[in-house]
Structure formats: structure tokens, C-alpha cells
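In C-alpha cells below, several structures.
Paired with chain B in one complex and with chain C in the other, chain A is shared by the two complexes that follow.
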Partner chain A sequence: MAQSATYYNPPPPQSSSSRFSLPSTTSPSPSSTSSPPPRREVSRTSLPPSGLQNVFTPIPGQGRNVGILDRPLNKTRGGEVSNSAWAFLFAEIISYSQSRVDSVTDLERRLASLGYEAGQRILSLLLLRNTLTTSSKDPKREHRLIPILQFIHTQVYKYVFGKPADGLERSVEGEDEYMLTCNSPPLTQHISIPRDMGQLSCEAFTAGLVEGVLDGLDVPARVTAHTVPTDQYPQRSVILIKLDQKVMDREEILAK
Partner chain B sequence: MTIHAVWVINKAGGLVFSRTYSDTLPTQTLNATLILAGTLHGIHAITSRLNPITGKGGLESFEGENWGGKIWMSLTGIKLVVLHSIAHQGLDELMKKIYEIYSDAVMKNPFQTLEMPINSSLFESRLLGLIQSVN
Partner chain C sequence: MSFYLAIVSPLDSPLFQLSFQSSKPSSTPTTSSPFPSWSSFSPSDEPVSARSTTQNSTSNGNGTIGSGGTGAGGQVVAERHMQQMIAHASLDSVEEVMEGTGNLYLKNVDRHNEWTVSAFLATSVKFILLHDIKNDDGIRAFFIELWEVYVKVTLNPFHTVNTPIRSPIFEAKVRAAAKRNL
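Coming up: the complex of A and B.
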């Protein structure tokens, strides 16, 4: 009992009664020493009845330490991440993944699955923010294919990379293939692929992200990333979207 | 005002990158360049022990007839060496720019192993662009 009491600051006289009632509310004497010590901050404000509750009560919030999870969702200012921080994080993600895969295809699949998770979250966030900023009585979500692709081309790319994609076009080979081009992708701008991994494109992460967004809008597709360099843009990358037959069928019905 | 060559020497004194940007420099085998870079690393270490003022910070530049070399060491122990013609203006800024390219294209590249030879086409092309703008 004496031990648990030593964690307190010298108590103000009126709180002394609650201090001595502490062990009786939890359990008899021996376990009171093993129970987690109450935090100092708590005694400064007011003394809750039981020692156990002290641990779970949040520390009185100081406005300056608002965690990332406590920030309002529709507040966008100041939420940007520096490109260097991202570059180092992404480099670590890639070398971590690389030590756990056997082939380039597997590595791309791992990156894509990470991007997929990000894409699903980004979609929800963007839709929520759009609803909040426009009139909240009339929330809107695209359901036709072309507006969905344009939504990704402008809004999603602008949110993720700070600028819209450089091009959105339909493939000449098939009706169900669309291409999103980015002349200098910001996520992978510092990465140069070694020769022995020729086919790898770390933009697989972006491909996964796009796939996540499309899936969230009920447009299942197979999305892959390819590096298609030009003289002017040596890092130009193309995100190839091959839509599921289901989507094409639905579009046909909706067009009538 | 010509930049003859750029070397990058790692913490242990190994040459991890070297490129020649002028044809006036005598051609050497890679092994000879490796030995020269290792020797320069040693001289830098000796001179830093001789520094009477702070006890650290060694050889920063050397000069010969119409040519010179500039050595710059980062906090992490990477040494950038530039061989240049005399008189050359703005070498300090150039070193900073080279280091910037190094930190972007080499340190942020997941396929680069620390202390190993630099094998990044991005680093080479950006460095070439920088040197061409100076030469």
C-alpha cells in the first residue's frame, strides 16, 4: 500500500480519502503493488476512484499533441507527407519485400497488394471529403465507367501525387483496356532498376492502388504497371487497366 | 573551366564510383584508379590527424599546374572528389549539387547496397547533366 502511494505527488488534503480507498476498490494488499502504477498526470487534475481506471483514462489532451488518428478527416491542410520521407519508406518497403520473394512477379504482386489496401482507404476518404465539401444533401458516386476513370485520372491522382495523371486513353488493342500514363511518377522517381531485374516496375504499387479504387467502385479489373520510357521522359510509366467482362456487359446495358 | 572526373569514395576508402568527363585526363585502368582513390583516402586520414585547430577535417583541395582536385566529405564519411581545371569558380556549389544528386539517386534507391559500387543509371544521367552544364 505504501508502495502504490509513493507514485503520487504529495496529495492535497481533500483527496487523501480517495487515496486510501484505492486498494480496497481493486483487490487486497499484495496485488496492489503489482497493478500498473497510476500516472502522474492524473493526480494533477482529479483522482478517479480506482487505480485501474487511471490507466485507461486518456491523458488530458493538450491541443498540440493531436495524433494522426484524432485529426478531423475533412481537414486537408498540413497533411502532406514529404517526398523524401516517402522515398526512404518506400525504399525500405521494397528491400523488405525483395528479401521475401523469389521472382520479380512476386515482388510486383506484393507491392500491388500494399497499394490495393491504400487505394481502398483513399477511395473512402475522397468520397467522404467530396460529400462534406459539396452539398451534403446530394452525395454523389460515379457508376459509369468513363466518369470513374476520369475520377481516378484527376481526383485520385491529384490527391495522391499532387497532380493529375498525364494521360488517359483507351487501348487500340481492346475495348476493355485503358491506360493511365504518368510522365514522371513521383513515387518511384529516385529508383533505378538494375539490369538483371529488367521487367520490374515499382509503380506496381500505383497499379494496386488504382485496382483498389476500381474495386471499391465495383469495377473489377486487372491492373498492371509498365515502364515505357521516351527520350524526354525516361521514367514514364503506364498503368494498364484490363476491365472484367462483367463491367463491359454492365456498361452495355446501361448505355441503352 | 572543365571538370575532368568525379569520384565517390566510401567510408572504408573504396572507390564506389568514378567517371571521366574530359578526354585530357590520362587513361588509367580501373585498378590504378582504385589504388589512387585508396591512397587519397589515406592522405585525407593523415591530414585530418595533423589539423592543429579542431583535430578533424583533413585535406580539402590540392593543386598542380593548371589542374586541381577538391575533396568534400559528408557527415556520414562519404568523400566526393572532383578533378578540375584551374581556375574553377563555384566548386563548393557544384559539390553540394553532386551530393544532392547522390542522396536522391543513390540513397533513396532500394537496389543500392551501402558501401558497394554505385550502379544506378539515374545517378549517372543526372550527374552527366550537371557536369555538362558546367563544362
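Coming up: the complex of A and C.
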């Protein structure tokens, strides 16, 4: 997934670190400027910070490491994670989750909650990058239902999976149900479900992701994943979006 | 020219708050407010931060400091409570406005005495800024910079989304962005 790339962005090369300018400003007297800075100060400034502080501050001793708040958010070329690396990671995620649940429903819920976390972050990152790259004065988001769903269908899917979803349609059963179909979902293409877990769809992760994005756009919904194989696409999966009544009410008002 | 910034979670709990002064001189004060500035919480000169407020409130409780100090401290505390109240009371207006627009930056959604409230929807969380001058472009630029820093914080896997942000570096970044734009 391309989103993970942000964590592994190579820090930009920095010629001088602010850490090294510290001893010279605190040098005791002008006569000793040529001598190396006192040993005590060097050891003081290079003490490793502890705990969570680590993630926000550059770690001393690794000269080029920059705190996460200083790194640029730009999308880097070649920052994508390869499919095989993701497949390994996802396999581990599933077996880890499976050892901690009792039922298929629980497992799906766990995967969905992981996807939800990813979805929340992907949405804000995507919107921010769109704003920064177009350098538009007025950052926007979609606020009507259909554009939101189209935004997920094309932009989010393209960003996460490299290609838009294959279909977006409204369910025949209810006004508030929409379906996102993917003929061969890239996340789960190497997974075959054992016979005794027939109901399981590992696309629950994607469902959670979609739910996270929808929630970020103020569209609460219940999102589930189902495998609906066809002869041509044995792995075809459907993400079923059941919208909250609040959304339908709001759409009705806005449509006027 | 004082400002009060609050980051509010989708469940309306405060995630981060900061009061700060602008370095720039006041160019266009909001005179459009129908109220005279009789309110008791007129902006004071000293910067108010979370730490100084706690210090003030505790020292007031002890009653050990002189009368002048107590007065100033009391005013700071009252002002802070007022700012919090205005910011959170404006959430209703923000939610009303955000339903009908796709803009992330909502300017002048609410007003209370000399304070004007602007908001920014960073997807689920809301940034609420109280300001007493008119500076739309500066505030928009400030919000976008703040958004970028906020996204960087949330991308950190060790940060749980919608929990209070306690990083001092984050606060420093926010102050720097405010200094540049406001």
C-alpha cells in the first residue's frame, strides 16, 4: 500500500545539524574557540531522549535522521510497497488476529478495525496532498453522497491499490445501500479461504478502510465485505456500504 | 491581537489548545461588532499557555501572592475559561455550516463580543480559532500549515487518532506557523 510509504520516506540530506552548533554558542571564553568543545557538553547533548519523545525528536548519533514533523509529506517516486511484501505482512496480520479471536465475525471485526485506522489516515493525507500539489487557495472536500462515493471509487482506490474499483452501484434492495466491486482485489489475491470458514472475507480490511474514509467525510456507515465469485472472477469481492439514516436525511435536505 | 486555538475531536473533546499573541501590529480591528468592548476578558498582554494558567490558578488558590498578581492571574483564568466556552459553543454553528459546503476552511462561523470564530475541518477533527482581527488569508495559510503538522502527527503509528497531542515539538511548530501567518 502506498500509504505506508510515508513512514519510510528517506529523510532529505542535511548538510548541518543544529545539534552541532550548540557547543560553540556555549563555549566558555573566546580564547578557547579553537580548542574542541568540552567533553561534558558533547555527552550532555547526545543523551538519548526516552520514551515517546523519540518519535518526535531526531535521534542523536544518526546524523541524517530528522524528526517526523520536519519531514516533507510529498509523495516520493518509488515509495510504493511491493505486492509481495504486503502479502507477507497481511498473512502475518491475519494469523496474528486469528490466534486471538473465537469466531469468523470477530476476525473480520479485527481486520476491519485495522483497516479503519488506515482509512482515517489515508483520507487526510490524500486531501492534504491534493491541496498542496494543486496549491489551491481553498482546500475542498466532497460533501454530497454521490461525489463522496465516486471519490472513494476512483481516488482512494487508485491511491491505495493502484487502480480504481471496478464498479459502484446502488443496491436494488435499499436506497441507503451502495456496493463497490473489485474483480480481483489486490490485497487478498494470494489468500484462499479454508472450507470451514466459508463466510470469511479478508477484504474486511478494505471494508474497514472505506468506513474510515467515509467517517472522515462525515458519512457514518456500516461497511462489510463479501466474496461474490463469478465464473470469470473467482475472487470478485463486494464492499457493501449501508449508510446511516442521518446521511440519507441530510441528502434529502441538500437535494432541495 | 490574541488568538485561541482549539483542536476538537469528532466527539467534541479537546485534543489540543493554545493561546497566543500575534507579533504583527493590529491593522484592521473588527469594529463591526455591535458590542462595545465592555467584556471582562479583554486580551491581556501576557501570553497564556496551559502551563502558566495552571500555575496561576494554583497560586491563586493559595492566596500567597500580592494583590496585583492575583488580579492579573484571575483575569487570565477567567479569560481562558471564556475562550474555551466560546470555542466549544461555536461547534454547533460549525456543524451547521459544514453540512452545506465542501470547503474545509469556514471563516467567521460565529461571533461573541470581540471574538470571531473561524474553523477548519481537517477531515474528522476540527480546528477552531478565536481571533479578534480580520485576516482571512493569514488564517487560511495558518490552518493549512497546522493541518500539515497535524497529519504528520497522526501518521505516526504510535499516536492514537483522536487522543490529546502532548508533543512539545508540535506546539513549537504551531507557534512558528502562527508567527509566520498571523
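Following the convention adopted for this analysis, the second predicted complex is superposed on the first by the 183 of 256 C-alpha atoms of A that agree within 3 Å, B and C clash if a C-alpha of one lies under 4 Å from a C-alpha of the other, contacts with A are read in each partner's own complex, and residues count from 1 in each chain.
Convention: a residue touches a chain if its C-beta (ideal position, glycine included) is under 8 Å from a C-beta of that chain, and two chains touch if they have at least 3 such contacts.
Since the model is a prediction, treat every value here as computed from it, not as a measurement.
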Partner chain in contact with A:Gly216 - chain B first, chain C second, else both or neither: second
First (chain B), second (chain C), both or neither touched by A:Ser95: first
Larger contact residue set on chain A - chain B or chain C: C
Touched partner set for A:Pro186, first chain B, second chain C, both or neither: neither
Which of chain B and chain C A:Pro164 touches, first, second, both or neither: neither
Partner chain(s) touched by A:Ser124 [first = chain B, second = chain C, both, neither]: second
First, second, both or neither for A:Asp138, with chain B first and chain C second: second
Interface residues of chain A shared between complexes with chain B and chain C: none
Sites on chain A touched by chain B in the complex: 84, 87-88, 90-95, 98, 190-194, 197, 202, 234
Residue ranges of chain B touching chain A (in the complex, touch as defined): 104-105, 107-111, 119-123, 125
Of all residues in chain A, those that touch chain C in their complex: 6-7, 52, 55-57, 67-69, 71, 73, 117, 120-121, 123-125, 127-128, 131-132, 137-144, 215-218, 250, 253-254
Residue ranges of chain C touching chain A (in the complex, touch as defined): 10, 98-105, 121-124, 140, 144, 147-158, 161, 167-170, 173
